[in-house]
Structure formats: structure tokens, C-alpha cells
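See the structures that follow.
Next come two complexes, and both contain chain A; in the first it sits with chain B, in the second with chain C.
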Partner chain A sequence: MNIIEVNHLTKYYGKARGIVDVSFSEEEGEIFGFIGPNGAGKSTTIRLLLSLIHPTSGDARVFGKDVRKHGPEIRQSIGYLPSEVYYYEGMKVIDLLKYSASFYEGDFKDRMKRLSDIMELDLNRRISDLSYGNKKKVGIVQGLLHRPELLLLDEPTSGLDPLMQRKFFDLIREENANGVTVFFSSHILSEVQRLCNRVAIIKEGQIVEVSNIRTLQQNNYKKISMTGENLTPGLFDLPGITNLQRENGSLNFFYNGDINLILHKLNQVPLMDINIEEPTLEEIFMHYYE
Partner chain B sequence: MTNIFKFEFQSRLKSLAVWSLSITALIVVFFSFYPVFADQAAIMDQLLANFPEELRVAFGMGGVPLNTVMGFYSFIFLFVQLCLAIQAGNAGFGLVSIEESELTADFLLTRPVSRIKILFSKLLAVSAIFILTSLVVWVSSFGAIGLFRAGNEFQPGTLAVLLSSILLFQFFFLSIGLFISLIVKRVRSVTPYSLGLGFGMYVLNAFGGVLGDVKLELITPFKHFDAGYIIQNDAMNWALVIINFSVALLALILSIYLYLRRDIQAVS
Partner chain C sequence: MNIFFRELKANLKSLVIWSVILILLIMVGVAKFSAFAGNPEMLTMLDSIPPALMEALNMNALNLTTLSGFFGVMFLYFSLMGAVAAAMWGSTIISKEERDKTVEFSLVLPVSRGRVVTAKALAALVYCLAFVGITWVASLVAVQPYQPDASFFSFLRIEMAAMLLIEMIFLAVGLLLGCAMKRYKRAGSTAVAVILAAYFLSIITDFRQELDFIKYFTPFKYFDAASLLMNNQIDGLYLAISAGVILVCISAAYWVYNRRDLMI
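Coming up: the complex of A and B.
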């Protein structure tokens, strides 16, 4: 079953572009990455799913329900962590969490204790006294507190130190193992690579690729770097070679094509060393943004 | 829904206390001068007769003689109204905009409640605050008059009519404030708006007559609920009250329409 289904969703803010004709879907239990640089339309998409903003055209369904008509019902089972967290400044952390919990049915006392212990969050401090990172922790606990079935995470790791990021990822994995579907937006590829099964890449408001993270890494590109004497870029004029770079007697490029052709070519060149590897997601990503 | 109401109500209690104290002080202190006024009635009336008519109207010393209890009270009531207008304007301009300027809208609107419920819970909380404010004005008005009327007679029934206008008066500033806050792009600070609306309406009423035939004063609640008129006629000016209520209701309905369709912009 598809937890999120987005069809030709378009949002303009007046004349300014938000997203254009975005379509993708996320299955139950997935951790779905949503990658793009700032301003590409990641937050716009998430805000449309939450009915914080209204689509110009197209539609979106969450849990099979139209976000325009069933907003409150859908949000009952959504945990949202915004990229910038702001809460009522005068409140204590515990009062804010209780207020948040009061919108949902159930008793979340134990869970509040457990989550804040994991995230090392002091419940008795005033929100206005918290550092940015600590506010982010409040956001995490608040987002997970009511046992949502879908987590919408918008750049969740900004402001968290590496140790907390790790704890946070462990928490997300644990939730996911319990059946929670995760939608994870980020511009940091390594974290998406660590966590997600599938990714959508968004560029200037449009989806350029939706793909399994493995196929994205495996099927397309090889990163080849070699050292040897008399290596000139002219030696490699095969189609499918990109990003050819030469530095201090070594030659690097990406190759996308018949692997036998390139091996044959390499055979004819005297080499001292060669390295053929999977490109990192970062490098693939840069390719989409050229 | 009750949780939003409770939250909103509690977060407004401090401001309620400040307004209540200020308005009570205004009424009691001002009215404590009444015995002196009443004693020197003849001199006062002579003095006032020397002022131009427009000036007297502007300061609420138009129709009713100042040496009567109700006349003196109506003079004070104008300033009470000004306070009430600013209080109601604050509530209206800030009702939903404060969530956006303090960036808490994302939190509230991602809870599983509809916007209409959020809006009504907030309106209900504000109404409760207004009712309490009203109650404070009733108590301090009757109290101050009881203490300082120096044996002069007054009409409790007329005073009750005047005081019961407060809720309608505030409703106007609440919904106009809310409406304006939803048509401007972003309200950064509520106070300049509510002061502007409150004093603007006051000035329209006070000096509207000076401008001549243009009936500008017809759009201001200070005219709709003019204390002088209510005291002289022992009733509200119902034609104006209906204008007032219709405008306020229209602003509220348009506000609901706008709020339900509003895009909550991301923090940037």
C-alpha cells in the first residue's frame, strides 16, 4: 500500500515557483529520501502533504486520503519535524510536550520519558533558554511522541552534533523496524545514503529521478582513477566518459557504458595503478546538477 | 478543541490582568474627581461654554452636562472605550498572526485539528477574556459611582445599557483586526496596528463632524456606541448598532474564508 502518493503536484507562490508537476509514491515501511539543494522544493512538498499550504494543481494522498479534504484525520498519524523548530518561547519543554500530546488520543508519559532520555533532553527547561540543537531535540521528541505511522522529516539533522545525529538515526531505524514509514528530506547525501531505501532527486522544483538507492549507485556509473606514465586525456575518447580530470600523472573519470569496451581500452595503456569503484551518492548527485 | 481554548485562555490571562487594572484605575481615579466637578458645576459649565462646540464633542462633553453623574461618567467612558478598542484590536490583529510572527504556526497547524476548530477555539478564548473584561468594567463603574457620586442621583438602568454595549464594541475591533491581519502580508508587531485602528476610529468620531457633510463618523464604533446618545435616549442607536454588527460579522466571515485558504509560509 502506498502511504504517500503525489500526482502532478504543482505549487506556485504567486509567480514564484514552488514545485512543478511532482509525482512519486512511497510504500508502507519505506525510508524514502528526498534530496535536493536548498530552494529546490523539498519543504514545499512536505508542507503540501501537511496542508500547511494549498496546491495550485495536482493532488496528494496520504494513507490513501486526499490531503485537501482529510487534513486533520491524516495528521493524526503524522509526526513532523521541521527544519527550523520554533515553539512557544515562554513554555517549559514538558508543558509543550504535554500540550502537543493533548491533541492525540492515548497516554504518552512513558514514551516521553524514554524519548527524552535517549535524546538527552532536559524536560524542565524553558524553551527560550534552549540552544538551537536542544530545540531540535524537542522537535524530535515532539514528532515521535504520539506514535505516528508516518514521519515527515525536513532536514532533521541540522543543528545536531554527530553523536546526537547517530542516536537520532538509531531512533529512526528503530521506528522504521516497528513499521513506521519515513519520508526524509535532506541536502546531505551521506545521511540519505546511510538511511534510505529509495530516493527522489528534486531540482528546481521538478523531480529528476526516483530510484532505488542501490541501482542509483550500481547501474550507472563507475568511477575510474589510474596512475601511469604518459597518460593523456586523448587516450580515452570513448562515449560515456565524463568528468575527465588529470592531475600529477593520474587520470580520473566517470564511465557509463559497456564495461568491456573500457577494459579493452585500459589494456592498451601502460598503467602503474588503477582503481575502479562505485561513485558515492554525492558524486552521482553532482552529475544531476551539472 | 478544549485544549486549544485552555491554552489560549491561559496565555491571555496576564494581559487581561493588566488591562483590568488599568481600566479600573482609569475609572476610579477619574471618577473620584466628580464631587469637585459637581460642587463647582456653575463655574464648570461657564468655562466649557467658552470652548468651541467641536472641541467639546471631540472630548465627549457634547450633550450631557458634566455635573450630573451620568454626564461625568460618559466623559470617562470615552477613554474606557479607547482602552477597550486597543485591547480588542490587539486580540484581533494577533489572533492568528502571532502564530506566524512567532513561528509557532507550523506546530499548531500540523496537529490533527482543522483550521476552523483552531480559529473558533481562539475566538472562544478571546470572547471569554472580553466577558471578564466587561465584568471588571461593570464592577468598577458601579463601584466608583457608588463611592463618589456625593449623593447625586444616577440611572443604573441607563448605565447598564451603556455597559452592555462593550461586548459588541469589542467584537467590531476584534473582527476588523483579524480581517486586516489576514489581508496584509505579514503582521510583524500587533501594537502599531491596534493603536492605529483604535485611535483612528476615535479621531474619526471626534473630528468627523468638523469635516462637514461627509458622514465619516458613521463607520466608527465610537459613534455607534456614543455614550452621550445612549444616556440621553436611555437606549442604543439601533440603526447604527445594526451597521456596526453587520460590518463586524462580514469581516469575521471573510476572515474565516481567508484563514482556511491561507498558505502558511515556511520559516526563512
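Coming up: the complex of A and C.
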């Protein structure tokens, strides 16, 4: 079953572009990555799903329900972590969490304790006294507190130190293992690579690719780097070679094509060393943005 | 309910500040009255003031040497303060969530925007009631030394009812501005500008006969202290207009807030 279903969703803020004709879907239990640089439309998409803003055209469904008509009902089962966290400054952390929990059915006392222990959050401090990173921790606990079925994470790791990031990732994996669907927006590819099953790449408001993270890495490109004497770029004039770079004595490029052809070519060149590897997501990503 | 109680708590400070100012105003006012009270020389002095000025200060037809007359003049301050306080409460209680960027928390909770507006409007209404209550009690305490008669108490009651109505009108206007304005930082100042405009309109109507129709556009004319004192009741027509204005503003507030994009 599709937890999120987005069809030709378009949002303009007056004349300014938000997103244009975005379509994708996320299945139950997936961790779905949503990658793009700042201003590509990631937050716009999430805010449309939460009906904080309304689409110019197209529609979106969460849990099979139209986000425009069933907003409160849908949000009952959503946990949201915004990229920048703002809460009522005068409140204590514990009062804020209790206030938040009071809107959902159930008793979350033990869970509040457990989550705040994991994230090392001091419940008795005032929101206004918290640092950016600590506010983010409040956001994580608040977003997860009511046992949501869908987590919308908008650049969740900004402000967290590496240790906390790891704890956070473990927490997300644990939630996911318990059946929680995760929508993970980020511009940091390595974390998406670590966590997600599928990714959508968004560029200037439009989806350029939706694919399995493995196929994205495996199918097309090989990154080949070699060392040897008398290596000149002219030796490799095969179609499918891109990003050819020469650095004192070594040659690097991406290859997309018949693997036998390139091996045959490599055989004819005297080499001292060679590396054939899968490009990182980072490198693939740069390719989409060229 | 939880939104309602949180709002009551969160804005308590502003209610306290408004109340302190108002109590001071009443104390100073009544202290001044001690100079007017039953003093015939004061009447002759007042007669020498140009009528236009008297009109502007709303002192015509009110005998300042009686307690009721004096509170008729005080009503101007009560209604202005009530109007400003109510409009500020109404406009900021909605727009502050966008100003403080807390909408990404409060409107992601499983509540409809309508429910949020209802809870916040009720919290602001409670504040308006409390403000009138405090004005009433402070007035009763302050006039104790003059041992007013029953007619004063009944006039004060009408005056307080009128003050509440003015508050409710501007609360509704404030809510509409808070809900509708995309430039949320200006919602409060726009609300005050509306009040000042309404107040000056109410003064202008007194100056020229042909401008009399303007009185329907300014709530300050609906509840004129002199006519309240004379008739000892609130005019039915103006009551109906007030109810209409409140109803239209509130419905428009819900309508707009449900449809618009939140500014984040």
C-alpha cells in the first residue's frame, strides 16, 4: 500500500516557483530519501503533505486520504521534524512535550522518558535556554512521541553532533523496523545512502529521478582511476566516458557502457595500478546537477 | 481545550499590564473628580470652553459635577482602551504563531485550523470579559467615598455592557486581521490604525450635520455616553449592527484562515 502518493503536484508562491509537476509514491515500511540542494522544493513538498500550504494544482494523498480534505485526521499519525525547530519559548521542555502529547490518543509517559534518555535531553529546561542542537533534540522527541506511522524528516541532522546523529539514525532504523514509514529529506547524500531504500532527486522544483538507491549506484556508472606512465587522455576516446581528469601520472573518469569494451581498451595500456569502483551517491548527484 | 488553556496562560502578562494601566486611570480620574464634585464654579468655567472642544472631548451633555456625568467622560477612555486591548489580543493571538514560527509545530498537531481559531478566539474573549470585570470592580471601589445612588450603578452597568460590546467588535476585527494578513507583523498595528480611524470618524460626525450618516461606520458612535445616560439602555439598531459586524468578521476570519497558506 502506498503511504504517500503525490500526483502532478505544483506549487507557486505568487510567481515564485515552489515545485512543478512533482509525482512520486512511497510504500509502507520504506525509508524514502528526498535529495536536493537548498531551494529545490523539499520543504515545500513536505509542507504540502502537512497542508500547511495548499497546492496550486495536482494532489497528494497520505494514508490514501486527500491532504486537503483530511488534514487533521492524517496528521494524527504523522510525526514531523522541521529543518528549523521553533517552540513556545516560555515553556519548559516537559510541559511542551506533555502539551503535544495531549493532542494524541494514548499514554506516552514511558516513551517520553525513553526517547529523552536516548537523545540525552534535559526535560526541565526552558525552551528559550536551549541551544540549536538541543532544540532539535526536543523536535526529535516531540516528533516521535505519539508513535506516528509516518515520519516526515526535513534535514533532520542539521545541528546535531556526529554522536547524536548516530543515535538518531539508530532510532529511525528501530522505528522503521517496527513498521514506521520514513520520508527523509536531505541535501547530505552520505546519510541518505546510509539509511534509505529509494530516493527521489529534486532539482529546481522538478523530480529528475526516482530510483532504487542500489540501481542508482550500480547500473550505470563505474568510476575508473589508474596510474601509469605516458597516460594521455587521448588514449580513451570511447563513447560513454565522462569527467575525464588527469592528475600527475594518474587518470580518472566515469564510464557508462559495455564493460568489455573498456576492459579491452585498458588491456592495451601499460598500467601500474587500477581501481574500478562504484561512484558514491555524491558523485552521481553532481552528475545530475551539471 | 488544551489550546484554550495554553493561550490563557501565555497571554496573562498583557492582561495584567492593561489592567494596571486601567486601574491607575480610574484612580487618577476619580481623584480629579474630587475637584469637580458638586462645585458650581466649575460649571461656569466649563461653560466658557468653546463648544467644538467640548464636542471633541465628548463632554457635551454630560454634567461633570455629578458622578454619572464624570463617568460618562471616563467612558471614552474605557472604550478606547478596551478597543485597543481587544484588537491587539485578537490580532496577535493568531498571528504570533507565524511571527514566532511556531506554526510548524502548532498546526502540524492533529487539529483543524477552525478549531485553533475557535480556541484562541475564546481565550481572547475571556480576556475581554476579565478586562471589563476589572474595570467595573475598580470603578465601584474608587467611587465608594462619594456614596453614589442607584441611578449611577445602573448607568455604570450599561456603560460596562457597552464597553464589552466595543471590545467584542474590535476583537472580531483583530481576529480577522490576524487570520487574513499575510504580513503578520503588521496585524497589530493595522488593528490600532483601524481603531484610531474609527475614533476620528466618530468625532467628525459631531462637527457637521451632513456627515451624520458616518455614525453607522464607527462603533464609538454606537455607544455614546450621553445617550446611554439619557436613555439608560443600548439602542437596538446599534446592537443589531454590532452583532452583524462581529458575525461577518468572525466568519470571514474562519473562511480566510482555512484557505490561505501559512507563512513559514
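To be clear about the criterion, the second predicted complex is superposed on the first by the 290 of 290 C-alpha atoms of A that agree within 3 Å, B and C clash if a C-alpha of one lies under 4 Å from a C-alpha of the other, contacts with A are read in each partner's own complex, and residues count from 1 in each chain.
To be clear about the criterion, contacts are C-beta pairs under 8 Å (C-beta built on N, C-alpha and C of every residue); 3 or more make two chains touch, one makes a residue touch a chain.
It should be emphasised that the depicted structure is a prediction, and the values quoted were computed from it without experimental measurement.
Novice: Between chain B and chain C, positioned on chain A by superposition, is the outcome a clash or a fit?
Specialist: Clash: chain B and chain C overlap once superposed on chain A.
Novice: Just to be sure I read the superposition right, which of the two partners does A:Y80 touch: chain B = first, chain C = second, or both, or neither?
Specialist: A:Y80 contacts both chain B and chain C.
Novice: Going by the contact rule set out at the top, does A:F103 touch chain B (first), chain C (second), both, or neither?
Specialist: Both: A:F103 reaches chain B and chain C.
Novice: For A:Y88, is the partner it touches chain B (first), chain C (second), both, or none of the two (neither)?
Specialist: A:Y88: touches chain B and chain C.
Novice: Looking at the overlay, does A:G71 come into contact with chain B only (first), chain C only (second), both, or neither?
Specialist: The answer is both, since A:G71 touches chain B and chain C.
Novice: Could you tell me if A:H54 is touching chain B, chain C, both of them or neither one (first, second, both, neither)?
Specialist: Touch status of A:H54: both partners.
Novice: Which partner does A:K42 contact after superposing on A: first (chain B), second (chain C), both, neither?
Specialist: neither
Novice: Which residues form the common part of the chain A surface touched by chain B and by chain C?
Specialist: 13, 47, 50, 52-54, 71-73, 75-76, 78, 80, 82, 84, 86-90, 99-100, 102-104, 142
Novice: For chain A, which residues count as touching chain C in their complex?
Specialist: Interface residues on chain A, with respect to chain C: 13, 47, 50, 52-54, 71-73, 75-76, 78, 80, 82, 84-90, 99-100, 102-104, 142.
Novice: Note which residues of chain B are touching chain A in the complex, please.
Specialist: On the chain B side, the touching residues are 3, 7, 11, 102-107, 109-114, 117, 261, 263-267.
Novice: State the interface residues of chain C toward chain A in the complex, per the touch definition above.
Specialist: It comes out as residues 2, 6, 10, 100-105, 107-112, 115, 259-262, 264.
Novice: Along chain A, where are the residues that touch chain B in the complex?
Specialist: It is residues 13, 43-44, 47, 50-54, 71-76, 78, 80, 82-84, 86-90, 99-100, 102-104, 142 of chain A that touch chain B.
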